């Protein structure tokens, strides 16, 4: 009797589990549908358009455009440049990501001071920043290009290793590292299944869609912003814009995404 | 693929450009345009009044009105909604989000070979039924689906 | 929270050296910390001391969250000692307040106003009330916790302690030490305990 | 101030798919700004789509359309090179228009 009832209980429990699994699957499917539909009807291309204008505009004390900016593939070459960043640049002696390199071009070509070039890098919905427009434009010129970020140069390799160490470094009042939210496969934070950026699968899916238009704020956000806001939520102090630490983390994620086709700028919740 | 440019109001000669547009037949006079915005329907605060506002005193549920949207929205600021009507003679489609403060979101009229189809992004304040209403010769057909707006992200 | 100390250096140096030897290219946590000090700046309540690891954070980082059993035992005892149980012996507060704390993910960031009560962000990682569909799965589901475990004093004390310092029973847990780090007040932790255990709480419906 | 606008018109089997992107704040009038005051309503009210000079879609929309609106429409037939024009007017009388050719 006792055995029967416990078996019945078990069966009931198993049914319950099955039902909730089906439900979880539906939820996942509907969220994927949401993501697909918002991406299909995204206004993100408007940022690329504005960026194209800005790229060609004569600006700064030198009154020149950015059209001769060398993003690593030679002066003015945009096609595929983003898919090869970050990379080591001889002229600056640094490993640089897209935003860092754009600052370099604004200072060396256009004659802005570094302070001027980085005065307003994160915009808002009413007034996006020049950097956001430019990042969207340049990144978009790598659409369809395979991610191929090199670690051949010792400085590139060192940036990658530092990025990896930073990714797993736990600190702050909540003991968080990047991996606290982006380190376990198949886990959700609230409704979001956050990508595991230390694995090729997670990094490929995510890195190739940044920068991205966030529907929640109607703004295009850059990778530097993404890292900044992650550190905020990690309860850390603030990373300096285009600092070695942020570029190292970007390097780590970009290398993990190698081999995947770049499909951004993307659309995010 | 052509690229549109911001214009008119950014330039000093806004009035001139506006006149040129009118002359080109691209825009009708502002007053006429304002008159074509259905204040009563868009100002309605409940779905029934919104329907009344567009002349739909009675609607029939119909499978011929096809409504596609995600059942879960990660963010209510953008909920993609796709509607098409297979009801013969459909001349307009309206979208109503029942729990929004002003439920009527849009109404489109189709003519000259336009298919009764529209895709748009709407703000949805809270989990709600979304209703699509097709007008075919003064008869109204509708379909509805629920969308659940969830809380996302780790932030505050 | 105790900050990096001589104790840390003595206790974990061996582990750091071992880690450094196993993968030569790996920068040590000390190098990471130096870079963070160079490339970060204090903002709002987020001071630069936050990038310095305490002994637990250091150990969990260098061992990839898998410290030796011996170290776990020692350090869990240290963590347990940080738990300040309520002087009045009451562990349960108001579950309705607890619900708000569980739902809020605010607190302790550079954009949060210092001194304003933060949240526990519980739903980020746990399922609690079966009615809330937007829940995380990083931590175990806590739905019907009171129903399953009862709301006896021992269970109350356990739950209070777990929220206060999760590391006392799971050293490298991803869950913050809400009491030890000063993120939640005694009253807030009592409210959360009630939210989990009170028979009237939605968690147990 | 109207920002950029973009149309993509593609010939599909039997119809032309028209997709338009618009920059617009689509303020509801119900949202509080940083100063705590309500931000005045500012939203597109009318949209007109023309193909080959003929009006094919007339739309009226509310403040509940998402910021930076995106719409898709379909028109029977259509040939490569046909002119597609889209214009909008908002509640403040601001307006914008752009055109493209079916690709």
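Labels A, B, C and D are assigned to the chains in the order they are written; within every chain, residues are numbered from 1.
In the analysis below, a residue touches a chain if its C-beta (ideal position, glycine included) is under 8 Å from a C-beta of that chain, and two chains touch if they have at least 3 such contacts.
Remember, it's a predicted structure, so these values are computed and weren't measured experimentally.
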{"item": "Geometric centre: closest chain by C-alpha means", "value": "A"}
{"item": "Intercentroid distance (Cα basis), chain D paired with chain B, Å", "value": "11"}
{"item": "Separation of mean Cα positions, chain D and chain C [Å, integer]", "value": "49"}
{"item": "Geometric centre distance via CA averages, chain D-chain A, whole Å", "value": "29"}
{"item": "Multi-chain contact residues (two or more partners), chain D", "value": "3-6, 23, 66-67, 69-70, 72"}
{"item": "Multi-chain contact residues (two or more partners), chain A", "value": "27, 41, 49, 181, 189-191, 215, 218, 233"}
{"item": "Residue numbers of chain B (touch at least two other chains)", "value": "3, 77-78, 82, 119-121, 150-155"}
{"item": "Chains touching one another, given as label pairs in label order", "value": "A-B, A-C, A-D, B-C, B-D"}
{"item": "Chain A-touching residues of chain C, taken from the complex the two chains share", "value": "1, 25-29, 31-33, 35-36, 38-43, 46-48, 50-53, 56-57, 60-61, 64, 108-111, 123-125, 133-138, 167, 174, 176-177, 181-183"}
{"item": "Complex interface listing, chain B residues touching chain A", "value": "3, 69-75, 77-78, 80, 82, 119-121, 150-155"}
{"item": "Chain A to chain C touching residues, read off their complex", "value": "27, 157-158, 161-162, 164-166, 168-177, 180-181, 184, 186-191, 231-233, 235-240, 243-246, 248"}
{"item": "Chain B-touching residues of chain A, taken from the complex the two chains share", "value": "26-27, 30-31, 33-35, 37-38, 40-41, 49, 181, 189-192, 215-218, 233, 269"}
{"item": "Chain B to chain C touching residues, read off their complex", "value": "148, 150-156"}
